[in-house]
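Each chain carries a letter (A, B, C, D, E and F) given by its place in the written order, and its residues are counted from 1.
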Amino acid sequence: MWIYEKKLQYPVRVSKCDPRMAKYLIEQYGGADGELSAALRYLNQRYTIPDKVIGLLTDIGTEEFAHLEMIATMVYKLTKDATVEQLEAAGLGPHYSNHDRALFYNNAVGVPWTATYIQAKGDPIADLYEDIAAEEKARATYQWLIDQTDDVDLQDSLKFLREREIVHSLRFREAVELLKAEQETKKVF
Amino acid sequence: MWIYEKKLQYPVRVSKCDPRMAKYLIEQYGGADGELSAALRYLNQRYTIPDKVIGLLTDIGTEEFAHLEMIATMVYKLTKDATVEQLEAAGLGPHYSNHDRALFYNNAVGVPWTATYIQAKGDPIADLYEDIAAEEKARATYQWLIDQTDDVDLQDSLKFLREREIVHSLRFREAVELLKAEQETKKVF
Amino acid sequence: MWIYEKKLQYPVRVSKCDPRMAKYLIEQYGGADGELSAALRYLNQRYTIPDKVIGLLTDIGTEEFAHLEMIATMVYKLTKDATVEQLEAAGLGPHYSNHDRALFYNNAVGVPWTATYIQAKGDPIADLYEDIAAEEKARATYQWLIDQTDDVDLQDSLKFLREREIVHSLRFREAVELLKAEQETKKVF
Amino acid sequence: MWIYEKKLQYPVRVSKCDPRMAKYLIEQYGGADGELSAALRYLNQRYTIPDKVIGLLTDIGTEEFAHLEMIATMVYKLTKDATVEQLEAAGLGPHYSNHDRALFYNNAVGVPWTATYIQAKGDPIADLYEDIAAEEKARATYQWLIDQTDDVDLQDSLKFLREREIVHSLRFREAVELLKAEQETKKVF
Amino acid sequence: MWIYEKKLQYPVRVSKCDPRMAKYLIEQYGGADGELSAALRYLNQRYTIPDKVIGLLTDIGTEEFAHLEMIATMVYKLTKDATVEQLEAAGLGPHYSNHDRALFYNNAVGVPWTATYIQAKGDPIADLYEDIAAEEKARATYQWLIDQTDDVDLQDSLKFLREREIVHSLRFREAVELLKAEQETKKVF
Amino acid sequence: MWIYEKKLQYPVRVSKCDPRMAKYLIEQYGGADGELSAALRYLNQRYTIPDKVIGLLTDIGTEEFAHLEMIATMVYKLTKDATVEQLEAAGLGPHYSNHDRALFYNNAVGVPWTATYIQAKGDPIADLYEDIAAEEKARATYQWLIDQTDDVDLQDSLKFLREREIVHSLRFREAVELLKAEQETKKVF
């Protein structure tokens, strides 16, 4: 089970009301390679992964929920003071018709999140490569988002998140090597 | 952010290997009215709900993740010792082809979870009725699942979860009344 | 069975060609809380709801089809004289590529309608709360749409539809109380 | 708008409780080529089809709703007296977990209906071929369903519906020829 | 099996960097009536269609992959030199957030391709009408796309593709007549 | 463009009519990690991957279509002589209702293929890890399928396909190293 602590993993600041950037940023909330995909993917794999990797999946999965909360906070801050006209000018008119200023788990286009974005195969090596690929894809998305804004406060938070994905990718690669080494050992004896 | 505590909210025991029941139970993991839907729905609404309801949404949303973990544990326990033949006999042959014994966020049929199951309107009354309806629907699902098993250990956990949904439904109704009373007050002055 | 009567439930007038507003309005045609969702939800629940509520579901479900036709008429009137350039400027370029000026059951973003927006649980109380929530959410959507236009003719039709949702919500609440009272009576005897 | 008349277009009788057949029959309720697809497809195309075909689309679209109601009645009759064990033996265990004995707009597998099954192009010839293809596909589905039951009462209703699809297909072909002839005439002058 | 030949079926030239048109054109890459739908539909039907039509399906299905490659080349050429700002101005900001300048199988709105766009019934006449309708719908889409651009080089390629759809439609109609004639013959003897 | 050669990449033999196994095997036709996913993923990435990897993607993508054809042939052979009763006993009753014995791009459950299974990020390293993960997941699926059959002829074809995935995975890893080495070189100078 989880206990909620009322603070963000890393501070989130935005320099201005910017619904245009909020529209793009929602990609990391409810998009294919976003934080929801990451958190749900890792926590789900815990039941069939070898014991020594469970802790890693729990740690990273739980951290991804903290990231999801950071993204939500960014999107909220970027849009909360926007008028209907400003939302429409930013391409969020269709979002307003359906959700007002509420957040929703969709990607930047507005397509709702689907579990088909993620996978669990039961095969530990396949699952860990799924996870490495996920981190590399999330890293790329953060890069494209950083390209799309000149808000240095927002860039600071996005760069923090991008760095975390790189760290996670490395840790999943170590886990692959660990399991492969173990498989080799088993074959020898 | 959340902190993981390595224990279940309520004990989960199953009396036997029973992949047939696991197939049905997955409805509350990745189905329309399951725990994933509940957790994601409430946590997402926090940003645009009035301040005095945020805490309630955070509390219940966080608890639903604990319920999701309980369901995952049940499904895992019901299937972990099943042979391929037993999985196939239980209608889990297609699941095995894709996922081996790994869990996945799909409903009892095998349809992947989609965010279209949930909603956020920005309108507090509409959002709270969405939440009441969600709890009533989850309560019904737990009832149908209890009907589908004669495993008293499993029934015990399912009854606990059903009761929690009833409590949540009541708390959301109180929140509706609170907000309506407040709206009335505002109109008077 | 149904008999078609060649008239609208309530007059639909629009003051101008306005594809931008048509794009938003389609939310109530093929969106999550739109009239298609409403009609199909209620008519489908008729088979397992207690007898005394069937008539209510048939009446409201049939009326929602009349609303669907009103929305279709509005969207058609708002776009029929638009040039391709005007459609593109309104964000309907992708719609034109696929559908020309034909209507389609998608939301304002352009995501096709899916039955996952609606639910039927077989439990009468859960189904009626689903219906109350649906009406509250539709009411909210009509409010956001009214906010998005300054066309007073269009606003008149939208306000009519918003009021109908409020009436339906009240009638579904009465039905809940009726069924609860009946359940209490049964418990007493 | 539509007026509900409390009778079925054609009598629906079933010889026995048969949830297995209900599971297959739901294909024509919420499947790709089912009656919901048909009704929604034709009624939606009315706004951009040439005037002389609008009446045909309204007539057939309205009739398809009557067919949808017939299918619903069949499914309900085939399952209403089934025990949970009988539903599970028929492959409807996952349906029960989610919906009890309520109907839902999904296909025989259990995949929810999606508007991507249907199309509207704005081009009258393309739309009418879409409609002819729809009728031919529905005819085929009725044939497969007739193959799957030996209940002569049920077969009688299914044969009626299959014949209606054949009639509709012919009427849509006549409409294509009518429009083509008209286009030729225009080219001549 | 297939052998790749490194050339396009027909030359693809574009006059300018035009991400706006690329956004619309992607409809024929990953949209409902696009080339992916066409290729996959025909090749899949080969296993249950009468022998004398298999070759036709293989030929046209294989050609549709060549068309898919032409569309991909057009989209790539229209966007490869665009800046992030130009992509955003063309409505491709959400695409950039997720995919950078990579292509993806989605329609002009950005909705990912789904196999629910296509069908296979096992009934040869129904399958061939599905195919005729598909070609008529693709023809219409090419017409709408030609309307949306004034780039004569691009129009040249699109007109070539539109003509191919007309030819395919005729060939599928011939196949229907062939099979119907054969069915008549069988009935006579 | 592609040229069709009327032969299979590797012989496909099945020992018996076995619709049960056909149901599972369809996972590699239209499932998340199946051959359709593989072929479409690689061919789509060709436009934005560095030049020196394009040939690899074309080769493997084209080969995956040959694998798709092999799977189709297996499924067809396993079901072509099955009676309706045998199809139903194998869990293919819902498939028959919709498709008769025709193939369709769905997974073993019966969920239609969706492009959300695959990804293209524009970032070469991320795309190649996506591809490695895809091959590892396909390898796992073939293993689960081999576990589900005792037909040695079928196992022979499945083992051939499993081996090809292992080879592809290695080649994608080499491509990652190649691109990383090149990136390092660029940083040095």
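To be clear about the criterion, a residue touches a chain if its C-beta (ideal position, glycine included) is under 8 Å from a C-beta of that chain, and two chains touch if they have at least 3 such contacts.
The structure displayed is predicted, hence computed values, not measured ones.
**Student:** Report which interface contains more C-beta contacts, comparing B-F against B-C.
**Tutor:** Counting C-beta pairs in contact for B-F and B-C gives the edge to B-C.
**Student:** Any idea what the CA-fit rotation angle from subunit C to subunit D is, to the nearest 5 degrees?
**Tutor:** 180
**Student:** In whole angstrom, how far does the Cα centroid of subunit E sit from the Cα centroid of subunit F?
**Tutor:** 22
**Student:** So what's the Cα centroid distance for subunit C and subunit E, whole Å?
**Tutor:** So the centroids are 34 Å from each other.
**Student:** Taking each chain's centre as its mean C-alpha position, how far apart are subunit C and subunit F in Å?
**Tutor:** For subunit C versus subunit F, the centre distance works out to 42 Å.
**Student:** Express in whole angstrom the distance between the two chain centres, defined as the mean CA positions of subunit A and subunit F.
**Tutor:** Inter-chain centre distance comes to 28 Å.
**Student:** Send over the residues of subunit E in touch with two or more other chains.
**Tutor:** Those would be 32-33, 91, 98, 100, 106, 109-112, 114, 116, 121-123, 140-141, 144.
**Student:** Hey, which chains are touching each other here?
**Tutor:** Touch list across chains, by label: A-B, A-C, A-E, A-F, B-C, B-D, B-F, C-D, C-E, D-E, D-F, E-F.
**Student:** Which residues of subunit D touch subunit B in the complex?
**Tutor:** Touching subunit B from subunit D are residues 84, 88, 91, 93-98, 100, 106, 109-112.
**Student:** Mind listing the subunit F positions that touch subunit E in their complex?
**Tutor:** 1-5, 7-9, 30, 36, 40, 44-45, 47-48, 58-59, 62, 65-66, 69, 72-73, 75-76, 98-106, 112-116, 118, 120-123, 127
**Student:** Given the complex with subunit E, which residues does subunit D contribute to the contact?
**Tutor:** It comes out as residues 32-33, 114, 116-117, 119, 121-123, 125-126, 129-130, 132-133, 136-137, 139-141, 143-144.
**Student:** Can you list the residues on subunit C that touch subunit A in the complex?
**Tutor:** On the subunit C side, the touching residues are 20, 23-25, 27, 31-33, 91, 107-111, 140-141, 144-145, 147-148.
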